[in-house]
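Heads up, the next two complexes both have chain A, just with different partners, chain B and then chain C.
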Partner chain A sequence: MRSSDHNGTVLAKSIEEPVEISSVGTTARPGPLTANLIRSIGIIGAVSILPLVMPINIATEILIFGIFAMAANLLIGTAGLYSFGQAAFFGTGGYAAGYLLAHGWTSLPLALVVACGSGGLIAAAVGILSIRRLGIYFMMLTFAFNQLVYYIVYSWRSVTGGEDGLAGIRRPVLELPFVGSFSFDDNRSFYALASVLFLATMIVLVRMVNSPFGLVLAASRQNSRRTVSLGYPVPMLQLVAFVIAGAISGVAGALFAMLYRIMPIDSVHWTGSAYVVFMVVIGGQRNMLGPVIGAAVFIWLQGLFSLVWTRWPLLLGVFVIVIMASLPNGLVGFVSKLSSWTVKGRGQRQC
Partner chain B sequence: MLAQNQIVLAADRLSKRFGGNTVVDQVSIAFAKGRLHSILGPNGAGKTTLFNLLTRDLIPDSGAIRLGATDITDLTPDRVARMGVARSYQISSVYLDMSARENVWVAAYRARGGNPFVFWRQVTRFAETREWAFSCLQRLGLVEIADVPVRELSYGDQRLLELAVTLACEPRIILLDEPTAGLSSKEAERVKRVILALKGEFSIIMIEHNVGIVMDLSDEITVMNRGAVVAHGSPFEIRENRDVQEAYFGS
Partner chain C sequence: MPIAQTRRDVLLSAVALAAAPILPAWGQRAGVVTMGVITPTTGTFAYAGDLVARGASLALEMHGGSVLGNAVRLLTRDDEGKPASGVRRVQEAATSDGMRYFIGAYSSAVGLAESEVAQREKLLQFAAGGSEDFTGSRCGRYTFQWSAHPYTAMRATLEYVRKTFPQKKTIYTLTADYVFGHALLKYTKIVAAELGFELVGNDNHPSGERQYTQYLTKAVAARPDILLLNTAGADAVTAVRQFASFGAENIAVVGPWSLEVDQLAELAPEMRTGLVLGQNYYPDIDTPANREFVGTYTKKFSALPGYSSAYAYDAVRALLMAMEKANSTEVPDVIKTLEQMSWDGVLGRMSIDPKTHQLIRPYFVVRCKQASDMRHAADFADIVANGDKPQPPELNECKQMPAL
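This part shows the complex of A and B:
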């Protein structure tokens, strides 16, 4: 397992022009405000344009998996925890919220809170049992728990619909006092909902990565023992990160259930866990934009390859291997390197 | 014998086995407040393992550890660290993907009682921590390289940074594991001056192979071999000790 360049402090970048901004949390000067502004506008712009250049369901899916992949990147890029069980939390959130929505509880806040809570709760259970395992053992354990959750979903037909998936899910309704109620039956309004949650997740995670929590988590990725010897309860920090990632994955799962009004059993399959790791690896772990780009590329390629050949996962696998072998920091890392070559000195850290 | 109130850290019949190998064997040792106490001994003597036991990185098989009047035998290593025991490692253990500034920040934040479960406030906002961390870099003469990714620093600078990180912990006791290992003689001289400056201000326990440095800096020396203490005394007494002479001074 390779440690990445992600230092826990690089802020999100704009899609148009990934600029490495300096990081360090320890200078007196506040971050370059204009650069932040440009980045924010770039991301909001990209989110607004997305549904105009592709089918809106695909655009929505990209945002959903973007959320899922950013959560995974908190573990992979920042904490260095390669979880291969994230689909379990995505699935838990999707089934829990989906169950409510299929049984007449259509309140949006309720669905989101339940998705978040159930994803986080299952992640806490899995995390407590696996967080102290290192490297490959951690991977295998999270993977095994994913299988366990899959099996439970598969067998618990009365609640989950078993292998047919959970059908009859309705889109949620948001009741606002004095304003009225919004339904998300229309795909554009649902896209708006996904965008809001996507941007909120990004803001929260980018801030988190640059908070003391994020920096110490990044420190423990680079040298866990040293971080303990500085007085930090590393396993506890990792567990909390695991729960946060699980909770956010749960929200992504709930959005997925709402989007297609069905929660397919495939969504809790371990392959989903592998895919989200691929998304992070393809896009790059150095900041939260990487996983989003990774998710977009992955979903786009999945669509493309599945048109070409029924054995599309094979092509996807080859693609992932090529990226891993040639671009150690993923697509975003590659692009920012290019721009630092062209604009001399740009890649340098300024403090 | 040391008076009870002079002892900052003490091991009482501490033992550690790896498999069938007794690496630390019934070691009793007391470290005095404000003194620099060196531990000498050949490779494999169990010095680093003793450090790992004292900081609770490793769990002792038997024996007890006291920090001042407190028994810390059953504490976790992060708790021991928070009680003022800071260490540097034999193998550089700085954070390679961060800048030197961030390295010391992580240490300084916790030392100043910072809560790691702060999720929203940005690292840049902690002015006091930042200043204290920076002063530790200044003290080691690392200001110029403060913002260079540590991965790109020379090994010597990484070792100095390791000392700066240890200082940023605002410790009561500093454990240094071969602070000059792998350094050029010029760099070793720089480290020596730093340690000399720290002496008196902190209680220091130092494992070191460079006999010259040990003799010049130490108030007290303990010699270990095969997991056991074989000699203990002032630098003068150790120099005069025959067994030690044979092993170390080649006479």
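This part shows the complex of A and C:
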């Protein structure tokens, strides 16, 4: 993948949607300093404001599911792999880290490494067996593996707590040499931890999808056979993306386990995989802010609709249908279109 | 793939991210006691959610809507029958709405997950459910259990069978393959040994099973005197329906915790005639508090109350009584009072075991009637016995209640 720039250009010319790829290529170049600064301030500002305008546990959940949704978007938005098994990796990371934290280990790096490693490992096992299957077969296989993991968690009661979930999880401690130790028992400090990991994940994933690796994944999303014919090892790169998404989902799962100090069994259920796909679709797949907006709106709407009507899933279903039918690029795509209309309108008035 | 396409997108998206999920935060207002009914109104147990909410609001209404001069605000939140949603709703209600007391959670898994939040946030939880862990391995100072202990339920039911049908000695069990069913099977073995029954076989079935003939064929072939259903709800309804077509009339069907009043209507009279069922609550319980409850409930909702409504009514009523007795609405005061309190509830004389926070209460055994003996459409059974034998202390896993 070192031949990136040249091959990226060839790719962009050879695939069916050259406009989008070339625009990604263009924005990959470092923009003006002020633009980058404003972007960063905007994101950090939003993350800082979030716990002030809603319960801190909901704000933390939005960041956690934002991480989870961004990882899923690496597969869906970039690689075009509609995985319906991401909850398996979220759950594996959560249970693995949760088990350590419930049994006397308190180190934050250890918990995160174990979550990341276990999520990635299970993703590698699932990916090896399913990545070469296309379309509906890939979806069904990932779904089936999700349920397999679910029933292992359900049955392995001595380790996972079975149906009752894994309880007794303690929040970890971060020991820094010469500085001291940081405890995350307070919800605000835990939110800070989630924010750091959220921002770090966003930076890593944005850089990753702008890299040659991301370009080849995007190319394979648009025309896999043509990308293979250009000499790229598409299945291998898709597998790597699958493992990275699994590892990041594992970290999100670990944060979720730490948030409520319990790992409930429904977090590993296939519905969790469907929800994260909804989050990506609602927010928009074409940039990394989309899944985060999708996660925020999805979590917020669940709470809001459940206060409005006891049969609220109907409202949520209608909302998802409306978004899918009318906003193919999700809410962020809609905002983008709206702003371009506004600019156009102003331009016309000035003429 | 950029974070967003333009600077404007970033700013607009950032504003949307920050502003969209604003929820109205009530905060804890002075002079208001906020109680939560965190219960499933969607999902598998959706039918129970409305019934729990009905019972809770009725208890509050009959108490005048206030306690010690403080208005009582009842919040209803949907836990979806999922532990993750349950903990989210409890935490959210505690943080934004100042909730300090809550009931609900028809599922034990949800209740146990919420119990973790209750201990940490110092919220009083009056739970219901079939899991013994509420008052066992996962007991907590802030959690109380309204439903009977599985041991009490099994003992009361099988004791009745032993006395009424002394010739019936062998039991075949059909067990739901999840925590609730396993707990009942565990206590079937213990109580069967205490009362001299012989267990001749068991089959586990998955939750939501629709085909029971393979289990029932094995059960009939084993020629037991009793088919014991360690399963509940829709599973138990289906199993009883299918067993009725076997014509094995010499095998008595006993359900220690299987069918509540709400579900008995789903069985044809000839299918339920003769069933022996253990009950956490039955509308015919003859106590002053229950007569008052059933009268008011029937008048208001034109239906007889079942387990879900009775639990919510009685739990909220007990909490309000404890606040008045403690002359305080502070959670630690109410907990200490409840631990020492003895009161006349809908089930009879009730109290709390301070070592486990299990409600000490009777458990009822009913026998279903023939259609010709029913006085009205919901007159399914007669109460034939009750028992309140608590779980033997040596079997309890609650080590020590922590300090408040």
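FYI, the second predicted complex is superposed on the first by the 311 of 351 C-alpha atoms of A that agree within 3 Å, B and C clash if a C-alpha of one lies under 4 Å from a C-alpha of the other, contacts with A are read in each partner's own complex, and residues count from 1 in each chain.
In this text, a residue touches a chain if its C-beta (ideal position, glycine included) is under 8 Å from a C-beta of that chain, and two chains touch if they have at least 3 such contacts.
All figures in this text were calculated on a predicted structure; none of them were measured in a lab.
Student: Quick one: is A:210 in contact with chain B, with chain C, with both, or with neither? Answer first, second, both or neither.
Tutor: Both partners, chain B and chain C.
Student: Once the structures are superposed on A, label A:122 by its partner contacts, choosing first (chain B), second (chain C), both or neither.
Tutor: Neither: A:122 stays clear of chain B and chain C.
Student: If you stack the two complexes on chain A, which partner ends up touching A:228: first (chain B), second (chain C), both, or neither?
Tutor: first
Student: Touch check for A:218: first (chain B), second (chain C), both, or neither?
Tutor: Once the two structures are laid over each other on A, A:218 reaches both partners.
Student: Now for A:240: first (chain B), second (chain C), both, or neither, which partner does it touch?
Tutor: first
Student: Is chain A touched at more residues by chain B or by chain C?
Tutor: Answer, by number of touched residues of chain A: C.
Student: What is the contact status of A:42 with respect to chain B (first) and chain C (second): first, second, both, or neither?
Tutor: After superposition on chain A, A:42 lies in contact with chain C alone.
Student: For A:141 in the superposed arrangement: first (chain B), second (chain C), both or neither?
Tutor: Neither: A:141 stays clear of chain B and chain C.
Student: Shared contact residues on chain A, chain B side and chain C side combined as an intersection?
Tutor: 23-24, 27-28, 210, 214, 218
Student: Flag every residue of chain A that touches chain C in the complex, lowest number first.
Tutor: Within the complex, chain A contacts chain C at residues 23-24, 27-28, 35, 38-39, 42-43, 45-46, 49-50, 53-58, 61-62, 77-78, 162-165, 167, 202, 206, 209-210, 214, 218, 256, 260-262, 264-267, 286-289, 292-293, 296-297, 299-300, 302-304, 306-307, 310-313, 331-332, 335-336, 338-339.
Student: Any idea which chain A residues touch chain B in the complex?
Tutor: Going by the criterion above, the answer is residues 3-9, 22-28, 30-31, 207-208, 210-216, 218-219, 222-223, 225-234, 237, 240, 349-351.
Student: For chain B, which residues are in contact with chain A within the complex?
Tutor: Interface residues on the chain B side: 55, 57, 76-79, 81-82, 86-87, 89, 93-99, 101-102, 105-107, 109-111, 114-124, 126-127, 130, 133-134, 146-149, 165, 169.
Student: Going by the contact rule set out above, which residues of chain C touch chain A in the complex?
Tutor: 1-23, 25, 41-42, 49-50, 77-78, 82-88, 91-92, 95-96, 108-109, 112-113, 116-117, 120, 131, 133, 138, 178-179
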